[in-house]
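Please find the structures below.
Presented sequentially are two complexes of subunit A, the first with subunit B as partner and the second with subunit C.
Right, the complex of A and B next:
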């Protein structure tokens, strides 16, 4: 079983997150040069969400490799939970990005390469959940899901990073963003806070998923006994 | 030995397809119907003027790849499903290595996909009155995109063959992964047609990057498939 986060660690996470949010709302200045400088602060939430989505996607792929090497069901559960968290943070990145795009560029959706890439990742994880739902045998489900999540993890960075950075000149996103020190002081601690939340959510979800699978196995056994 | 096994499987794929012609018939019919729909739906759009030519080239680039994608989703998923239905998976496992099976199926699928492109590309351009300024570049774009798409459809087809929901799952699993090839394919087709490029501009100078994108995607798709196929095939 995954260890539960200790109460002191939960308290520290709460205080750290509250500190980050207070800094963002009270200290970060409006960004000069944007159409709406006050609301440019949204970037301090948008960028950390994107970082956490990337970390969760890496966790899903890493545990996918671990499953294929060791055939250990615990790795499959971790890969699945990583994919669920990646889906959630891709969704949050899309929402915060669309709000930023609306207030700064006048439209919720601009078909920008990076915007499209996050939407594609959402589709990839939706397809991954559909694939899992369509296979009943747990071991086959684990192997095929691991293959799909790895296959997607190798090919989708082409759209999200390689093409926008090296081949497309016109993009609303900066290629290599350089932030002012006040913004860096908000973005990086917020990213750390969200990664900390990810660790908490990951442990909780893995434990919940293990319990779910144990219940499903018990139900199958009792059905077999009844028959 | 590996090459022999691969070519034997590719030959078997093409022979069995030629005998039954199931995929060929469904792909051919789909392509014919979609071209008829394109011709009928664009008949009322004036595409002969200067502005019309530009609209025609944009519509052509998008429609070609939409037709190719949907035709592939209809026809290319069968390669492994057929083995599963006929109960010949075990025989294949005994006679060839996993990577040779994948490579043989990939060659068969890619040739089928190129066949679809050979019909779709000139007919769609003809129907929309589009003149291709860089035909060599268009061929390169189509071949590279077809190789990448063939690799993805072969791997996702093998995944889908092991599940209970085969119908729409192939498109759902493949389309998000195919998007980089789709985007570069549309972009490359637009530029090969000559959209917003002067006739004298060399394609490689202005748009060579697109060929690099398509080549990298194809190499990545083949490498990833060869690396992961063993886990699907021997599971």
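Right, the complex of A and C next:
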């Protein structure tokens, strides 16, 4: 069974997150040079979401490899949960990015290479969930999902960073963004808060998946017994 | 205040994440209770 996060750790996470948020609103200055300097602070939410999506994709790949090596169903569940969290954070990155695009570039969606790449990434993860839902045999599903999640996890940094930065010249996103220290002091702690939350959510979701599977198996055997 | 939209977005995201996680905790507690009941019935 996955270890539960202690109430003190949850409280500390809440206080830390509130502290990060307070810093963003009270200390981070408006960014001169943007169409809306005040709302340039949105990057302090947008970038941490992107970092956490990458962390979750790495977790999914790590457990996918573990499944392929050991054929352990617990690794399959962890890989699946990692992919679900990666999808969630890709979605949050897109939402915060669209907000930023609206206030700075005039439209929620600009068909910018990085925006489009993240939209493709969302489709890649959606295909992963469809793949899982379409296979009934648990071992076959786990093996195919593990291979696919490796592909999705490699695509996450490729589509989110490498291709738009190094292979496409025209973009609204800066190629190598340089933030001053106040922005970095907001972005990195917020990323830590979200990774901390990811650990909590990951453990809980793995527990939920295991319990749901155990219930389904018990119900199946009791139905079999009644028939 | 010009920062209000950003405050709403930040609170929605962080509040949503915390609320979702706490709700999941409750759902697991209920599911574990059901699992124990099913185990006893068996």
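Note that the second predicted complex is superposed on the first by the 221 of 227 C-alpha atoms of A that agree within 3 Å, B and C clash if a C-alpha of one lies under 4 Å from a C-alpha of the other, contacts with A are read in each partner's own complex, and residues count from 1 in each chain.
In this section, a contact is a pair of C-beta atoms (placed from the backbone, for glycine too) under 8 Å apart; a residue touches a chain by one contact, two chains touch by 3 or more.
Predicted, not measured: the structure shown is a model, and the values here were computed from it.
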First, second, both or neither for A:58, with subunit B first and subunit C second: neither
First (subunit B), second (subunit C), both or neither touched by A:22: neither
Which of subunit B and subunit C A:99 touches, first, second, both or neither: second
Touched partner set for A:197, first subunit B, second subunit C, both or neither: second
Which of subunit B and subunit C A:14 touches, first, second, both or neither: second
Touching partner for A:156 - first (subunit B), second (subunit C), both, neither: first
Touching partner for A:218 - first (subunit B), second (subunit C), both, neither: second
First, second, both or neither for A:127, with subunit B first and subunit C second: first
In the complex, subunit B residues that touch subunit A: 152, 155-156, 159, 162-165, 169, 172-173, 175-177, 179-180, 183-184, 209-210, 212-213, 216-217, 220-221, 223-225, 228, 231-232, 235
Subunit A residues touching subunit C - in the complex, by the definition given at the top: 14, 17, 21, 24-25, 36, 38-39, 41-42, 45, 49, 92, 95-96, 99, 103, 194, 197, 200-201, 204-205, 207-208, 211-212, 214-215, 218-219, 221-222
In the complex with subunit B, residue positions of subunit A that touch it: 68, 116, 120-121, 123-124, 126-127, 130-131, 134-136, 139-140, 143-144, 146-148, 150-152, 154-156, 158-159, 162-163, 166-167
List of subunit C residues in touch with subunit A within their complex: 2-3, 5-7, 9-10, 13-14, 17-18, 20-21, 24-25, 27-28, 31-32, 34-35, 38-39, 41-42
